[in-house]
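Take a look at these structures.
Both of the next two complexes hold subunit A, though its partner changes from subunit B to subunit C.
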Partner chain A sequence: MTSPRAFAAYFSAVVLISIALRAPFSVFLKRLIVVLPFVLFIAASAPFAAREAGEAARPLFGGALLVTDRGIEAFANAALKGALGVCALTALSLSTPFHEMLAGLRWFKVPAILVSLAAFSYRYMFVLVDEASRMKRARDSRGWRGRWIWQSGVVGNMIGSLLLRSLERSERVYSAMLSRGYDGNLPMAELPAPRLTDFIVAVVFFSAIMSARLFLT
Partner chain B sequence: MSHYSAIEISNLDYKYPDGTQALHGVSLKVAENETVGLLGHNGAGKSTLILHLNGIIIGGDVRVFGTPVTKKSIRQVRQRVGLIFQNPDDQLFCPTVFDDIAFGARQLGLSDKEVIERVRHSVSEVGLDESILKKNVFHLSFGQKKLVSIATVTAMDARVLVFDEPTAGLDPRARKKIISLLRSLGRTQIIASHDLDLLSQLCDRVVLLSGGAVAAEGKTSDILNDISLLEKSGVL
Partner chain C sequence: MHIPDGFVSTELSVAAFAISGLAAAVSLKKAGKDLGEKQVPLLGVTAAFVFAAQMMNFPVLGGTSGHFMGAVLASVLLGPLNAFIVMLLVLSIQCFGFADGGLTALGLNVFNMGFIGGVIGYCIFRGILAVSGKSKTGYAFAVGAASWLSIVLVSSVCAFEIALSGTAPLKVVLPAMAGVHALIGFGEAVITVSVVSLVAGVRPDMLHTRIAEAQA
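Here is the complex of A and B:
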């Protein structure tokens, strides 16, 4: 279990980065609001999880549920780690353009197929969202109100045709790739050469976080 | 090499897997440095024919500078014949404009320095500023995407450029720009379109497709002035 002091150290690292980026805290909050419900939902069962015989527990709802201190700790641990992960990823995405992140993944020897997958998802996500919103606009222009459950079939049809269009598009994109000599590997921009400050920041951050991990228990 | 035609197709048939006969006995000869228009109604077989030119579809007797298009010759063929697809969102698939233009050149195994040189040259050839190279493709206008699409192929130093509807969806100014760009690009060009005005401005010769077969072929002015032929073939 991670100690509160270590958590404090990790969060202050994120805060420092966001200050360095001049990123408003509202950005972090917005992403947290999106992701945290999922984390909480998964963590929610922790306080009620297996109680060893004789372990002290607090009754909830007049004794219908029993909650252990250990369980609450596990819950807090999971929720905080989730929040920390979201904040760290937000800081990464704010500081690093996506194509550099991909180059970074390659540097870390992530399999090329996964990196290509990420690159294509990012590229075509916007196209897909655009297409969906155009479709929705066209649907609404024809007076769709979507009030009744039996109209939900329309949404199903839309999702289906989006899927088919994406499949067809993928065929066309693949043809275009072949046309330009694609043979299975997707060359990408090299990482920009690191500067001295990059090294200093990396070393300082890495040692700070490792010390928190090792000594703040 | 010059005694070969840039493109030579004889008696090409193609049936899609679902049984639709898309091409029926199509023959086509394009000389080097000639600009040929492929005219035809929707579904006439223009796009299917184009896909044969660099071996996306292999089959039939298709020759590029005398080399038959087969699985073996495909790398060589694709380096010589560049396809520019109608929808730039299909053509441009890399995270940045630079990566996209560099894609083909990198596949050719050129050094980084040569790749950068080619990218710069291609970008200026299509009349775009180098500042566009760092951008994400999604942030470009449709006209810019179209120009970048062309640069992705010229960076491979293709000798035959094949365009599928190069002016579709462009505003008049972007359209004019593309037309004058195509005129200045030179090389051998094959332009599939039903934009009659575009064809009349650029092409030495026009091949009229109808229902998967060649309905007529001749000097641009002869074909485009034959009103009854154009109406019968569904392009006017």
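Here is the complex of A and C:
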């Protein structure tokens, strides 16, 4: 169980980063909303966990539910850590363009083939997401309103056409790349040389987080 | 089924990173040996496709919706090891680029959806195919059953991992996860079958070759 004071320190670190980035809070909120249902779904069962352990339980809703302090702690711990993870990753993706993350992965000796694959996927992801949303718009403008699982076949056919279009696009892309001299290696962006301020920020942040981890218990 | 940060114990995350890393090394080595540079665009675009397809919701009950996973689809199309690479790419990009799934849980998510969903899902598919016969109906049945089973299996494994880490009791998470996903699995099965039969009809050369023979 991480202490509330440590959580406060971690969250203020994320807030500091987002202020430094001049990032709008709405981005963090949007990402949190996407992830929250799963977090709550799982974490909500935690308060009832320790009931059999013979612990003192307090009644909720006039005794309809029994929760224990340890269960509430487990719930808060998981939910806060989940939220913190989302915020930290959001700060990373807002501060670092994807091609720089890839160059960073190369620096960490991740195999070149994996990094070029990731570069490829990320590039085409947005093209295909746009394609998918055009298909959705076309479907909805024809009055489709799916409410039940046996209507999923429509989505199946859409995903099927999306796949065929993607595969054909990958063939065209491959020919285009070949004709531009592709030899199996994607050129990678060079990381900018680290400056003194980068080191200072890294050291200060790392020691602040580590001391929160070690001393705020 | 993307596990966030803070839901699984450190021991479990580290073990999953080790297993997923090993599986990634094996499949990348195999991919590098077997496939020419032509496969880089193909695998990359398939990963982008799975990402886009995961954003298409399908209806479940009275307006609620589930979303597609695509692990069995990828393994039927590309073979199990390539499917593992595709899921690895999708999950890593979702994690780093979109904060979907925790960074500390990335190894576990890759293990669940890439290894259990893709590789074990493919083994289930081959197993069912051996029994159901290689007719068109038998093939479609094997694809559908393997898709449904992959969803139920991955969600149950997910529940076990969360319970094993002491985050939530097994007898609450397992029925909740497996129950919801037994239903969502039907959507996955319907979609996978219709996508595979579409590809088999229009572009049979795009199906993982051994399966294409099986269907003929």
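We take it that the second predicted complex is superposed on the first by the 157 of 217 C-alpha atoms of A that agree within 3 Å, B and C clash if a C-alpha of one lies under 4 Å from a C-alpha of the other, contacts with A are read in each partner's own complex, and residues count from 1 in each chain.
Simple rule for what comes next: a contact is a pair of C-beta atoms (placed from the backbone, for glycine too) under 8 Å apart; a residue touches a chain by one contact, two chains touch by 3 or more.
Small disclaimer: the values here were computed from a predicted structure and weren't measured.
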item	value
Greater residue coverage of subunit A in the superposed arrangement, subunit B or subunit C	C
Subunit B versus subunit C as contact partner of A:157, first or second or both or neither	second
Touching partner for A:147 - first (subunit B), second (subunit C), both, neither	second
Touching partner for A:180 - first (subunit B), second (subunit C), both, neither	first
Touched partner set for A:136, first subunit B, second subunit C, both or neither	second
Partner chain(s) touched by A:169 [first = subunit B, second = subunit C, both, neither]	both
Touched partner set for A:99, first subunit B, second subunit C, both or neither	first
Which superposed partner A:122 touches (first subunit B, second subunit C, both, neither)	both
Which superposed partner A:24 touches (first subunit B, second subunit C, both, neither)	neither
Interface residues of subunit A shared between complexes with subunit B and subunit C	98, 119-120, 122-124, 127, 169, 173, 177, 182-183, 186
Complex interface listing, subunit C residues touching subunit A	2, 4-7, 24, 28, 31-32, 36-38, 40-49, 51-53, 55-63, 65, 68, 77, 85, 88-90, 92-93, 95-100, 102-104, 162, 166-169, 172-173, 176, 183, 186-187, 190-195, 198-199, 202-203, 206
Touching residues on subunit B, where the partner in the complex is subunit A	51, 54, 56, 75, 78-79, 82-83, 85, 87, 89-91, 93-96, 98-99, 102-104, 106-108, 112, 136-138, 152-153, 156
Residues of subunit A touching subunit B in the complex	98-99, 102, 119-120, 122-124, 126-127, 169, 172-173, 175-183, 186-190
For the subunit A and subunit C complex, residues of the former touching the latter	31, 34-35, 38-39, 41-43, 45-46, 48-49, 74, 77-82, 84-90, 92-93, 98, 101, 111, 113-114, 116-125, 127-129, 131-132, 136, 146-153, 155-164, 166-167, 169-170, 173-174, 177, 182-184, 186
